[in-house]
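The first chain written gets the first letter, and so on, giving A, B, C, D and E; residue counts start at 1 in each chain.
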Amino acid sequence: MNAYLTVDAGLAARGVRLAVGVGQGERVAVMGPNGAGKSTLFGLCAGLLRPDEGRVALGGQVLADASGAWIPPHRRGIALLAQEPLLFPHLSVLENVAFAPRAAGAQRGAARAAAGRWLEEVGASALADRRPAELSGGQAQRVAIARALAAEPRVLLLDEPFAALDVDAAPALRRLLRRVLAGRTALVITHEPLDAHLLADRVLVLEGGRAAEDGSTAEVLERPRSRFAAGLAGLNLLQGIGPAAAAGAGTSRSSSAAASSGTAAGARISIEGLGEVSGTVPEGADQPAGGEAAVAVFRPADVSVFAPHDAPHGSPRNVWPATVLELEPRGAHVRVHCAPGTEASRPGVAGPSAGEASAGAGAAAPGILADLTPAAAAELDLVPGAGVVLVVKATAVSVYAVG
Amino acid sequence: TQPGAHRTLTVFAASSLSGAFTRIGERFEAANPGVDVVLSFAGSSDLAAQITQGAPADVFAAADGATMERVAGAGQALAPERFATNSLVIAVAPGNPHGITGLADLARPGLRVVACAPQVPCGAAAHRAAAAARGEGSAGGGGGVVLHPVSEEPNVTDVLGKVTSGEADAGLVYATDVQRSGGAAEAVRFPEAAQAVNAYPIAALTGARDAALAGEFVRFVVGEEGQGVLADAGFGAP
Amino acid sequence: MPGWIWAPAALGALFVVLPLAGILARVDWARFPSLVTSDSSLAALRLSLGTAAASTVLVLLLGVPLALALARGTLPGLRVLRGLVLLPLVLPPVVGGLALLYTFGRLGLVGRWLDVAGVQLAFTTAAVVMAQAFVSLPFLVVSLEGALRTAGGRYEAVAATLGASPTHAFRRVTLPLVLPGLASGTVLAFARSLGEFGATLTFAGSLQGVTRTLPLEVYLQREADPDAAVALALVLVAVAAAVVALAYGRRAAGGLR
Amino acid sequence: MPGWIWAPAALGALFVVLPLAGILARVDWARFPSLVTSDSSLAALRLSLGTAAASTVLVLLLGVPLALALARGTLPGLRVLRGLVLLPLVLPPVVGGLALLYTFGRLGLVGRWLDVAGVQLAFTTAAVVMAQAFVSLPFLVVSLEGALRTAGGRYEAVAATLGASPTHAFRRVTLPLVLPGLASGTVLAFARSLGEFGATLTFAGSLQGVTRTLPLEVYLQREADPDAAVALALVLVAVAAAVVALAYGRRAAGGLR
Amino acid sequence: MNAYLTVDAGLAARGVRLAVGVGQGERVAVMGPNGAGKSTLFGLCAGLLRPDEGRVALGGQVLADASGAWIPPHRRGIALLAQEPLLFPHLSVLENVAFAPRAAGAQRGAARAAAGRWLEEVGASALADRRPAELSGGQAQRVAIARALAAEPRVLLLDEPFAALDVDAAPALRRLLRRVLAGRTALVITHEPLDAHLLADRVLVLEGGRAAEDGSTAEVLERPRSRFAAGLAGLNLLQGIGPAAAAGAGTSRSSSAAASSGTAAGARISIEGLGEVSGTVPEGADQPAGGEAAVAVFRPADVSVFAPHDAPHGSPRNVWPATVLELEPRGAHVRVHCAPGTEASRPGVAGPSAGEASAGAGAAAPGILADLTPAAAAELDLVPGAGVVLVVKATAVSVYAVG
C-alpha cells in the first residue's frame, strides 16, 4: 500500500481491528454509530493508544507496532481535536492557540501573532483575552479548532469538530475548515453527511470496530452499500439478491461496461418481503448478478403514498403495501416511516424502524421512508398503524451489486 | 488505710532517674503489698509544667533545684529533700581514641566537643567546672579552659547521643549517663567536677491522693534501700 | 512525563530510603525478638495502635465536616479559619502539647470547667488520643479539602437536580468521589498519630500502659538501651508501612475499576 | 453541602483554635517585646526562616520529580516506593534524626565516605536543612501526587498531539494545572520545616546562629524561662500563620480568575 | 401570567435578562446561537444560578428572587440533563440511573428495578454493569437521559440531549423522548429544528441574553420573524418595510381579516438593495403596513438560478441579479449561497454570507440561498464570484408584518 498514513492495527480490549490507508493530502470522513471505534482509530494514530496487534505508519515511518516500536505523540506531527474542547484552563484563549507554535519553538511574540491570526480565521478574535471557563460550549470548541490548526500538523484528526456548534456558527467554520484542509491530510469524525461532502474526498464507515465501507464520498453517499451509509445520505436502501435469471442487458458483473455506455440499464433484484424490485443500474455501478447480494436505493421524496384502495398500477412501478410506523415533521415536509406489509400480516409492529432496535445500526429492521408535504399527509389522514400503499417509479430506483 | 486495699502511687521522675527509679519502684511495691507504683519519666521541666497544670502526681523527683523550686513556689511540693547527687564526667568513645585525660584537653583545636546549653542544669554545671579550671571564677585568670562546643544541647541525653554516634569526640555528661550507656561510651573523670555537683531533690506533692503513701515513698528513696539502688546506678550521696 | 524526571526522582527516593536503610543496618538482629516482645514494648505497641485508631476516628468525625465547610462554605471568615487549621502542622509538638495543657489541663481555659464537671483529661489515655488528634487533624483536612476542590461541585449540582438532598448527595456522591483524597488523608492522619511524641509527652505524660505509646517508649529506651530503641523504632516503621501499604494498595485497586 | 455539617465542623475548628487561644492567654505581654527581640531569639528566627526556605527549595527540587514519577510512572516497584516515601511522616522525628545520623553521620552508611571526601555535615547548617527536608518531603509529595492524579493525563495528551515535548508539556501544562496542589504542598513543607525539632536536635545539634532554630530555642528557653518559651512559640505561630495566609490568599485569588 | 413555570429574571454578570412563561404540560424548544443564554436560563430554573434581578416561580411557588427567596435545587422537582453527561464516575450505569429513585426514598431493589426499566427504554440495558469511564460519548449521553427521566420531575430541562448521539441512535431517543415528554412540562435546548417539531409545542429563540422570538413551533419555524429562526427552518428571510401605498387588499394591520378569508392576499414590501418584493400574505399572518417592519420568506428550493443573459421576465416574478458566494453540496442537491447585486456593484465580497461574519446571528449579512440539482449547477457552470440572476415566483414568497 503506498498510502501516506497506514493503520493496520487492532486493540483487542476495545474490540477494534482496522486496516485503513490515507493518501497524502487526502481528506477522509470517518463515520459510524456510537462505539464503532472512531475515536479509538484516532487514538491509535495520535499515539494516545498503543496497538496490541499490527502497526501504524506515517510517510513510510513506523509510528507504532505491536512489537514495541513507538514514536511518541509529540513527534508524530499529528494534531488531534478531541470531542471535548479540553482547552488548557490556566491559559487565556490567545495563549491556548499560541501553545503549539510555542511548543514548536516560536518566540512568544511570533506565537501570539500567529495565534491571533488563527483566532481571526475562526471568528473568535473577540475572545482572545478570556479564560476557557468563561466560554460557552460552542465558543470553546471554536477556539479548540483554532488551537489544532495552529499546530500546522502533517495529519489533522478532528473528532466531531462541530458537535457543540450551533447551526448558525457551523457553516462559517465548515468553510474555514474546507479552505484550510484543502491539500492537507486530515481525518474528520462526523455524523453529518454534509461534512463528508464538504470536507472529505473519501468516506470511511466503521461498524463494530471494523471498516464497513470505504470509498469516495460520492460513491458511498450516493451509491451506499450499507443501511448505515444510506441512512447518512438520507436514502432508502433495501438489501436483496440478484434475480435467478437476470432481466437486464448483462448477466454478470463484467457487464458493467454496458452500464457505462451512458444508457441506464434496467434491472430487477429480489428482496425478502417485497418480492421483485425494478430499477436502473446507475453509471459506473455493477449489474446485480443472479443470487448475489445487491441493493435497491431511492430517495424518500420519490416514494408516493396512497390510500390502499386507490393505488395506481402498471409497470414500470414498484407497488408495496405498507404500515405507517411514525410521522416525523421535517421543516418543509413530513417524513413517513413505513414498514412493508400490512398490519395484519405483521403482528407486533410496535414502533421500531431503522435504528430504533439497539445501539448498532446493523440490527436495524428494514423500513422505508417517504417524504410528503404536510398537506398530502393531512389529506391521507396518516396515523401510526394506518395501512398504505407505497409506489416508486422504477426510474427513481438505483439497483446495483454490492458483492 | 486498710491493709490489702489496692493503692496506686504516681511518681513523676526526671528521665535521668528512669533506671534507678524503676528498680526502686519494684522494691517499694515488694515492701508494700497492694501498692502499685506508676512512674512517669520526662525532662524535669516538662514534669514541673505538668504538675503546675494539675497533673495527678503524688511524688516529684527532679534533676535540679530550680525546677523543684518552681513546683514548690506554686505551693504544690511539700518540703523537698535532696536524695542524690550527680557529677560531671567527660564521655568519650570506648577506648578513648583521642587520649583525653582532663578538661584542658577539650580545648584542643580540631576536637569536637559537645556540652549542655548553659540554660539547663547540666550546662550550668559544665560552665562552673570550666570556670573552676580557669582559676576559681576570677575573670581573665591565668589561661585555663575555654570551651568552644560545636553544639550546646538542651538535654544531657542529646550530648551523650552525639558521643555514642561518633559525631562528637567528647561531651560533658553526668556519671550516671555513661553508666547507663551500656559500654557505648567511656567516662573520663576530672577534678574540677567537684565544683559542679548537681543535687536531685524529691518531694511529696500537696495534690497527692494518698499523702501518707507519698511520704512513705520519699522516705524509702532517701532511706537505706533507695540510696543503695541509686549508688549502684552511679549517683553520689546527697 | 519527561524522561529526565527520573534522575531527580531517584535522588529524592534515595534521600528518604537511605536513612531507613541506615536504621536497618543498626538493628541488633540477635536481640531483636526479645527486645520487641518485652512487656513494656508490647504494652506500648498495643496502646499506640489503639490510640492511633481512636484519634483517626476522632479526626474523621471532626475533620471531614471541617474540610467540607472550608471547601464549599461561603462564610467570610473561612479563609482565616483555613489558615488557623493548618497551624498545628507548624507548631513544634512540644508547644502543641503545652497549648493543650493550658487549655484542657485542670487549670486550663476549658479544663477548669471540665474539672468542675468531674472530667479530667490530662494524663489519661483520652489525653493521648486528643494530643494525636490535634496534630493529625490538619493532615486530613488539607488532603480532603484539596480533593473536594478538584472534584468540584458539578456532580453535586447534578445530584441536586435529580432530587438528592444535600445529605444524600454528600453521602452518595461527594464522599465516594473524594474517596482517594479521604483515604490518603486518613492514612496520613493515622501515621502521624502513630508517630506522635512531643505533644503526648507534654499533655498526657508517660505512664506505662496508660499514656506511654511506642514513640515515648523508644525515647525512654534510647537513653538506657539504644539497641532496644532502634529495634522499637523499626517496629514502628513496620507497623506504619503495613498501614500505608494496605491503604494505598486498596486505593490503587479502586482506581483501576 | 448539608447544613448539619456546620455543627461538627465548628467543633473541629474549636478543637484547633482553642489551644491556640490557650497559648495566647499565657503570654506575658509586658515582657513580650524584650523576650522576642533578644539576641538569641532573633538569631533563632533568622536561622529558622533561612533553613526552612532552603529546605523547601530542596524539597521542591527532589519532591516534584518524585511525585510526578509516582503519579505517572509505570515501573513495577513504584507502589512500594510510594509507601516508603510516606514513612518519614510516621517516624517520631527523634528516630528520623537517628536514621539520618546512622546514614549521613561520620560513621554512617554514606557519611563515612563523605568524611573521607572531607565533607562533614553534622553540626552544620546544612544538616539542619537536611533534617527539615527529610521530614517535609512527604508533605509535598503526597499533596502533589494527589493533584497530579486528579488533573489526569488528558491535558498532557492534548499538549503532546499539539507537538509539545514531555518537558514542554510538563512546564507549560502539568505544572500550572497542579499549581494549587503544588502551592499547598509547598506551604505544608515550609511549615513543617519551620516547626521541625526532634530530627534537627538529634542530627544537627543546637548551636546559636548555626543550628539552633526557633523550635530548639523554644525548647531550651522552656527549661529556664517558660514565659520566654511561650512568647517565642507565639512568634513561631505568627510567622507560620503569615506564610500560610500569604500562600492561601494568593491561591484563593488565583482560583477566582 | 398564569404560566406554570415563570422566569422573569436576570443575571447581569452574563448579560442575561429573560421573561419566559411555560404552561403546565407544555414542551418548549429553546434555540439560539452560542452564548445566547440558553444554559443560563436552565441554571436559573434548576437552581444552579441565583438571579440578581426578578424572580423564578413554579406552580405559584417562588423558587428564587432577587431579594433572597430560595428553594434549593433538590426541592424544586426540576431535573437537568446537562450538555456533558456528567455520569457519577463511581457508580455503575444501573446505579447512576437508580440514583434519583434512591434519592426520592425508594428501596434499593425497587430503585434498581426502575432503573432497569429506564435503561431498557433508552436501549442501554446491555450497558447496565459498566462504569461510565467505559462508555463512548454517545453511550454516556444515552444513560444520562435515562437518569434524568428516572427522576420523574415536575419539569425536565434537557440541554442539547442529542449533541453527542449519532444519526443512527438519535431517532430512537427522539421517539422515546417524544413519548415520555408528552404531557410533561419540559424545556429542550436544541440546534435542530427537527427536535423543535418533534419534541416541542413552542419555540423560544434567545439572542444576546434576550428572548428574540417566542411562539408555537409551526409559527416560528414556518413564519419566522428573525433571520435566526428562518435559518433554523432552512428558509430565506429578507427584512424590509411595508410599501408607502399598500398594494394589497388592506392598508392596515386590522386587515388580517381579509387574509383569514382563505384566499391568500398579494402584497409587496420594499427591501433595501432589492427594491420591491412581491409575495402573498399567508393565512393567519398580518398584512404588511406602510413603513412598518415586514419580512419576505421563501424556500431555497423555490429560487431558480439563471445565467445573467437568459433570465425570464414578467410578473408575477421577483428577479434579482446576484453574485455566487459559495456552493454547498447537500446530499441530493447543491445549496448556492448568493449575495444580491453584481460583483462590480459589490466590491470586496469575499465570502461572508449568513452566519459567517461573527458569533452572533444578528450580524449576518443579507444573503439568499438557492437549492439546485447538481446537474443544473454543473450546466450553469457556477463558481464563487459568478454573476447570476435569481428568480422567485410571487406565489412562493410569503410576506407579512413583524412589527
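The rule is short, and it goes like this: contacts are C-beta pairs under 8 Å (C-beta built on N, C-alpha and C of every residue); 3 or more make two chains touch, one makes a residue touch a chain.
As the structure is a prediction and not an experimental result, all values here were calculated from the model.
Novice: Could you find the chain whose CA centre sits the greatest distance from that of subunit A?
Specialist: B
Novice: Roughly how far is subunit B from subunit E, going centre to centre by Cα mean, in whole Å?
Specialist: 90
Novice: Distance from the CA centroid of subunit D to that of subunit E, rounded to the nearest Å?
Specialist: So the centroids are 58 Å from each other.
Novice: I'd like the Å distance between the centres of subunit C and subunit D, where a centre is the mean of that chain's Cα atoms.
Specialist: Result: the chain centres lie 16 Å from each other.
Novice: Where does subunit B touch two or more other chains at once, residue-wise?
Specialist: 49, 161
Novice: Could you list the positions in subunit E whose residues touch two or more of the other chains?
Specialist: Touching at least two other chains: none.
Novice: What are the residue numbers in subunit C that touch two or more other chains?
Specialist: Residues 94, 98, 101-102, 108, 165-166, 222 of subunit C touch two or more partner chains.
Novice: So, with touch as defined above, which chain pairs make the list?
Specialist: A-D, A-E, B-C, B-D, C-D, C-E
Novice: Within their complex, state which residues of subunit E touch subunit A.
Specialist: Against subunit A, the touching part of subunit E is residues 32-35, 39, 83-84, 123-124, 126, 136-139, 142, 160, 163-172, 175, 191-194, 197-198, 221, 228, 231-234, 299, 301, 326, 328-332, 351, 353-359, 361, 364.
Novice: Given the complex with subunit E, which residues does subunit C contribute to the contact?
Specialist: Listed in rising order, the residues are 154-155, 157-166, 168-169, 172-173, 176-177, 179, 257.
Novice: Can you check the complex and tell me which residues of subunit A touch subunit D?
Specialist: By the definition above, subunit A touches subunit D via 46-48, 72-74, 76-80, 82, 86, 88-91, 99-100, 102-104, 131, 147-148, 151, 153, 157.
Novice: Flag every residue of subunit C that touches subunit B in the complex, lowest number first.
Specialist: 94, 98, 101-102, 105-108, 111, 115, 120, 122-123, 201-202, 205-208, 210-211, 220, 222-226
Novice: What residues on subunit D touch subunit C, complex-wise?
Specialist: Those in contact with subunit C are residues 1-9, 11-13, 15-23, 25-26, 61-66, 68-70, 72-73, 79-96, 98-104, 108-110, 133-134, 137-138, 141-143, 146-147, 149-151, 165-167, 170, 180-181, 184, 187-188, 191-192, 194-198, 215, 218-219, 222, 229-230, 233, 236-237, 240-241, 244-245, 248-249, 252, 255.
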